[in-house]
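As structure tokens, here come the structures.
You will see two complexes here that share chain A, one where it goes with chain B and one where it goes with chain C.
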Partner chain A sequence: MEEKILEILEEHCEEALDYNGESMMEDGIIDSFTVINVISDIEDEFDIEIDAKYVVAENFKNKEAIIALVRKLLEE
Partner chain B sequence: MQFTSYAFIILWMFAFALYYLLPKKMQWYVLLIASVLFYVIGLKGFPLNLLLTGITTYCCGLYLKRNLTGEKDELIRCGDKESKKALKAAFQKKRKRVQIIYIVFNLGLLVFYKYAVIAVPVIERMTGSRAGFLENVMMPLGISFYTLTAISYVIDAGRENCEVETGFLKIILFLSYFPSVTQGPFNRFAQMKEQFEKEHVFRYDRMLFGIQRFVWGAFKKMVIADRLGIFVDGVYGAESSAVAGSIFICATVFYMLQLYADFSGYIDMAAGISETFDIVLPDNFKRPYFSKSVAEFWRRWHITLGTWFKDYVMFSFVMSGMGRKITKACKNKWNDIGRQITPIIGTMLVWFFTGIWHGRTVSYMLWGVYYGVIMSLSLILEPSFGVWKEKLHIRDGKVWSFVRMARTWLIVFLADVLIRSESLAQAGKVYGSFVTRLNIRGLFSSELTSYGLNKYEFVLLFVVLLIWLAVSLTEERGEDVRIYLSQRPVIVRWVCYYGIVVLLLITGIYGGGYDTAVFMYQSF
Partner chain C sequence: MNTDTTFQQVIVIGYGKVTGEVLQYVYDRKAEYGYDLAFIEHEVHPFSITEKICSENGIPFERITDKKELAAKLDKLTAKTLIISASNNFLFPSSLVDKPNVTIINFHNALLPDYPGRNAPTWVIYMGEKETGITWHYVTAGVDEGNIIVQKRCEITEDMKAYELTEQLMNLAGEAFKESFADIMAECVEAREQGFAKDRRMYRSYEVPADGLFELTGKPEDIYRLLRSVDYGKNDIFPPMRTVIDGREVEILRYRKIPADKAGIEQSGGQEEKGFRYLPLRENTVLKLKYVCVK
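Right, the complex of A and B next:
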């Protein structure tokens, strides 16, 4: 699963893979368009639906946070 | 009562003293009383509407709490996955219904107050008689700010992104918190609640930093923004056909800086006041004129408004049932281009609403659409830009960064002509003047000093703009100027502090028919 998410991130925003800061969204590494495209690909790949309530800076602060979110949604 | 008035300074001092002298559990009550006094007596605001928003917000929050608790209780009793899914959907449907009623009601009030003024002449023209009570409707101060703040709480509570508040007075404090009630920033409940409930201990350095930020904000407002405003008002108030294009260019550049100095000055003052109470407000500006694209510019300008629209309009639309249907249909039909259709619709919606939130005129609507189109085009054309860049052998570096910054200034410049002009007709004349009578020599003639600022005022402006630029460049390097100064020798430090205060006292624009009290964003 992790590999797939990293592949999706690489396709839309390579910088996200090396990012070590506090918040990708606030630091402008990943903009809202990219977030939408990443979500769309993750939804298609894992057959899940990511609700708007999960689209907060906290869940997109770095690649680990995105992986954790997907893992949580898959477990639900 | 504005932040720059004596009455406000006295209120601030009293609130500050009581805040740290009274028992810690009472601190938020001090803020509440100060906020109510500031709004009702100081601003002569219309408190009934604020109260109505407060009551509906509080009740809606309680309903959401009951609904979410009910859902969790029922889910425990539920067995299989399918019935759990159905149960969740049923509870969510009820929540959404109540949230929609709440949002329609509160946005309805905002639209009513905002548009009652322009509806009067239309109604009178259509009916041939007077518009009755509508003529006396006054827009409650800060309604554009506290309505959106309240909506963010209700949506976050429904999404379980913040805890539901069971104390009515805390909701009122959240909505009316006096440093941010009239012009923002847009606070989020989760961050504010935590800070309101924390016990705050007095710290000298924090008080000093707060006062420094307040004074710096007042400096930007009264020394820079109000001085720029004299020239801008003079040029845009003159007969447009008689003004040279170069003078209009100068006035519009001044307007860009005026708007920034005025609004960021207010935010610095609000954040400084709040800091003395050990309450941190969210950042609202991050030196936007250093942006290399329009998208970046809007991530750095009025940040909390941008994130509000992104979180509650853009993502809500894209992730909604309708948004998903559009995405799916477009993706099936046009693949890669198709997947951008929903974000583009979302962007256009965001910018249309941003436009009408800022102003009641067609100019603001066009201003919003203009930015929406530019953002959408940049999304579509981004891959092509990369190809052109490679073909033209353009390398990243300082020169290319400057070109990109200049491009951003130009886009903002053209948009600002639209909102600064008194009418669309005047905007047309201003754009026309850039082409038909540019007359660069006008900038070096006596015409420049005939719009309210003499040559000494221009020299002063140049000096204070240089100070502002130096501070901005220091911040852009990631340094906090206040910390930087606090580490300098005592003489350097106090020369800087006194220098800014003396400049503020001597060169600030006070009275004399020019009202310093009015901040530009207060009218939005």
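Right, the complex of A and C next:
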């Protein structure tokens, strides 16, 4: 699962893979349009729906946060 | 570059990508021109970067979500002020627009005079336009009616979704703003009248293409265009599109254009019965719909 998410991130924003900070958005690594693309691909890949309530900066602050979000949704 | 200006103050209002780009640019020019700069956030955006730009650069930041409060604040302006409205849905009252010391410019995400009002990227895709663009214009009392400062064009490609077009338009808006800023500050823009027709249609925020419904028996290309036109990712600008499948009303959760051979494999694996529907598109492609029953 992690590998697939990293592949998706690599496709839309390679810099996200090497980012170790606490806010990809504020640090200019990703923007809201990249988030839309990443979400769309994750939903397709894992056949899950990411509700809008989860689309907040905290869940997209770095690659670990995105992986944690998907893991949580897959477990629900 | 000529940096003479009589503007004493610049106020940026808006949210989103283009607002951040404009705010940063105006801040970077502040020392050259000598104006005061302030930012007002009227609509809160979950991924806004404007607050960070303000805090890093010491730009006064105010969040005023109440329309009356915002109007009252702006009405008190006494300094010669340029208001830059970028991705902003606050309608400036005529009392403010008419103030001699205030000039307001606005970014619109279409080629005015066409597609005034809300959600222009949606309507240009839905109407099957091949080209659109952006307009920076002066603000008058009428919505999206002021004289044009600058326009830039872009192509609408055949698979383009509303959010992809929006991103492209934001980039164009940033470019156009930077190219026009010196003339705006020097008040020497050769602005041109829009020359709109009397029957010009204004698109309202409550309007939804096709009223949000489609027939599964319709042309798949038209269905695909409708779905792309309202696709802003998780931004719930429009409700999910609806149709009837096997006698039941359903909401479309996701859609994808996929190769026909991949669709064949998925269908033989039983996906057709599990909330998916496949419609043949052009050139060996298929529109894959994921849906959920609502009634």
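One rule holds for everything that comes next: the second predicted complex is superposed on the first by the 76 of 76 C-alpha atoms of A that agree within 3 Å, B and C clash if a C-alpha of one lies under 4 Å from a C-alpha of the other, contacts with A are read in each partner's own complex, and residues count from 1 in each chain.
FYI, contacts are C-beta pairs under 8 Å (C-beta built on N, C-alpha and C of every residue); 3 or more make two chains touch, one makes a residue touch a chain.
From a predicted model like this one, the values you see are computed outputs, not experimental measurements.
With chain A as the common reference for superposition, the partners chain B and chain C occupy clashing space. Of the two partners chain B and chain C, more chain A residues are in touch with C.
In the superposed model, A:Ser40 lies in contact with both chain B and chain C. In the superposed model, A:Ser32 makes contact with both chain B and chain C. Look at A:Leu6: by the touch rule set out above, it reaches neither chain B nor chain C.
Clashing C-alpha atoms with chain C appear in just one stretch of chain B from the list 4-12, 22-30, 346-354 or 490-498: 346-354.
Overlap of the chain B and chain C interfaces on chain A: residues 28, 31-33, 35-37, 39-40, 50-52, 55-56. The touching residues of chain A, counted against chain B in their complex, run 28, 31-33, 35-37, 39-40, 50-53, 55-56. Of all residues in chain B, only 159-161, 295-296, 299, 310-311, 314-316, 318-320, 327, 331, 339-340, 342-343, 346, 379 touch chain A in the complex they form. Residue ranges of chain C in contact with chain A, taken from their complex: 16-17, 45-47, 49, 52, 163-164, 166-167, 232-236, 253-254, 256. Those residues of chain A that touch chain C in the shared complex are 25-26, 28, 31-33, 35-37, 39-40, 43-44, 49-52, 55-57, 60.
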